[in-house]
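Below is one structure, written out as structure tokens, with a few remarks after it.
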């Protein structure tokens, strides 16, 4: 028994495929936990397994996925053993999710009203009329003016920022305990990004809701969440307090991520922005040893052998000692 | 409103083109049009001039076309050389038979094809999916003029279950009301006199031709539904619906099917044309007294006014159906309304 | 281009259906080419003492006539073998005729746009508003029945498909950088259209050609069945079916066999066309 809202221990996700006899190992031995009302930032490039983990938490990975974990529980209730009808109560009811591109995540053929009311009615035992009133209230809460008119709109009549606000309204309509925001601002204009994140933050504090904020931008995390975990190639590579990691990244990958941001590192004028060479290895080309070793500038021979354990919140044999100012 | 107006304006050149084709058809046949019209029966010179005048063939070609158009607009499509009846009357006599056959065929193709396609999409890559896709490709490749004969061979000749030709047993005298025997045989007076026998007779006559005619549409609808469903099921908003905790049956019926229906409706419209093609072949095989058989007979008999008028009416109907489908499409797709 | 085809072959090899189609097509090609060697008899030779014999494996069959004989005593197997010659060449002619015409008109319409495009598109709308067989019937009614005329008729009906596909593709391709580059180097319109742009439109053309093959065979057989296509004594499968109709009760093999030949040939081209589409459609590729 723990008093954490979400408790994940040794989560492994595999994908069966027609081409390969061995299933692809997409996420390895992932463990983390989340307290009620806490915001956790998850950072990593595409292909690092962060989105897959989220979909696994929602139980919507599809038939080709195999999800195994020693523990994967919400409020001490094991999720992986749930039957489909129990999952349906959890999804959208206890855990809600918002996605990267609000324009494609909303059904283009149904009105905003239909989509919000449908969500409410699936989880709360209230009448249609009450659900509609609640929808209006929610739209006001997420900062949409003239909510009655907006209810009648179709998604393609909304701007991207407005559509994401509708998504958020829909997600919080059932007062979930956990909100997963999967790169909620990537598809939006820069000016809108901050508004949306501020909205999520304020809703989190007001409703005492836990939030997993997935992004590939460490800057976003540093501003909004107390805690961060960095993922790389299906593994957790570093975790800790955001303020700590921003200053003292121990894993070379985190270091690379931080120094590739403009203005992150003081460097002589006119030198190019630092970048991490190479790309995240494809699922079936994962190296032995440290997953990051082919791209790491500090790589040593022992990095290429065996499994690297996580020690002192970092999965690296030779943690970095430099600080970023 | 502008949308509909534009649609109807787009019609004009197509209809004009069709009339041009029909108009020139008779005149393009090698040889003298009057002699083509009377065929091998021969004609004396005075009668020849008379005919030429009555057909308007002595006028300049533009004027001839104008007269043809004017007459066609008034529903005057000429008279059949074989029967001497007006083409329009002959058409109206046979049209209900084709409508009945086509509607029943298409109805069952839709009724069976859509659920099969949906199920195959949900059970993607399962045995059922592979089985349905292979069978439907065979159905799609089916020469229906042969398929009809095979159906007759099995169900009429070998099993003796169904009659070979016609619409109903000739012993029944059915007062025509709608022209559709499935409806007319259910009139109170008919049921009082004969019970349900005429109705069953009509069904047993209809079942084979409708099966033959519906085979290709069934295959097309099942395949189209599957691929359309697969595409929609891969959309982000389906993932959203699942993440909202919506029931699977509801996701499929409300979120997926409705959107998948749009290309299916378009397919149905295209199938309407192939129903007429199918009717030409099916009606010939089953001696079904509809417009398909009528056209084929008139070609064999070189009854040019009938070919001309028949083609004009059929293409008009098909064009109108396409417009109708555009209108349905408009109401199905909210994006179009902006 | 070479890479394109080797990649295509690689994709196709994985598709069991498409490979089945290819094998059947190759087999029927072999049968068609070597018909004189394979057929036991001349397809038009009449054995007046052997009318409507059933196949050898049914009681009453005679050795030497493997699939039996028809109503005037011609060997059915030989006629079916020679029929594959007709059907394959019919399919080929239809595809070549409609592909060349359709590609030319489609490229012109897509490249020049404007009035020319409008005229060409109106024409395709016109042809497409009529059911294919009906339109072919009208053409044959004007030109007179016969195999050549029915090929012409079926080809005309098939042209709009090619026009639409090519036009859409050309309209996308003509705004690409490489076209501008070629223009800067002084390439003329003709060169731009047929040397620069056309090779990049090849993928949908290949699919449509395969599907056009099966449509062509099916439609010409249907015209034959209606008595408007190939005329006696040609051993065209559709015409054979039409002749056999009256004997459906007494000699069902005469009806069954030609139809199976049509079905299998048409199916093989549809299998290949489907496989080609799956292999060439990038959107489907992404889904897998």
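A, B and C label the chains in the order they appear, each numbered from 1.
One rule holds for everything that comes next: contacts are C-beta pairs under 8 Å (C-beta built on N, C-alpha and C of every residue); 3 or more make two chains touch, one makes a residue touch a chain.
No experiment lies behind these values; they were computed from the predicted model shown.
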Query raised in the report: Think of each chain as a node with edges to the chains it touches; is that a line, ring, star, complete or other?
Result: line
Report task. Starting from the Cα centroid of chain B, hunt down the chain whose centroid lies farthest away. Result -> A
Query raised in the report: Approximately how many whole Å separate the CA-defined centres of chain B and chain C?
Result: 24
Query raised in the report: Which whole number of Å gives the spacing of the CA centres of chain A and chain B?
Result: 54
Query raised in the report: Between chain A and chain C, what's the gap in Å when you average each chain's C-alpha atoms?
Result: 53
**Report entry** Per-residue multi-chain contacts in chain A, two or more chains
**Finding:** none
Report summary line: As the complex stands, chain C meets chain B at residues 17, 122-123, 125-126, 129-134, 137-138, 140-142, 144, 214, 218, 221-222, 225-228, 238, 241, 245, 248-249, 252, 255-256, 258-259, 262-263, 266-267, 270-271, 274, 287
Query raised in the report: What residues on chain B touch chain C, complex-wise?
Result: 13-14, 17-18, 21, 25, 28-30, 134, 137-138, 140-143, 145-147, 149-150, 152-153, 157, 230-231, 234, 273-274, 276-277, 280-281, 284-285, 295-296, 299-300, 304, 307, 311, 314-315, 318-319, 322
Requested in this report: Report the residues of chain B in contact with chain A in the complex, numbered from low to high.
Outcome: 235-237, 239-248, 254-255, 258-259, 333-335, 338
Query - Residue numbers on chain A that touch chain B, as the complex places them - result: 58, 60, 84, 87-93, 96-97, 99, 101, 104-110, 118-119, 122-123, 154, 156-157, 167, 170
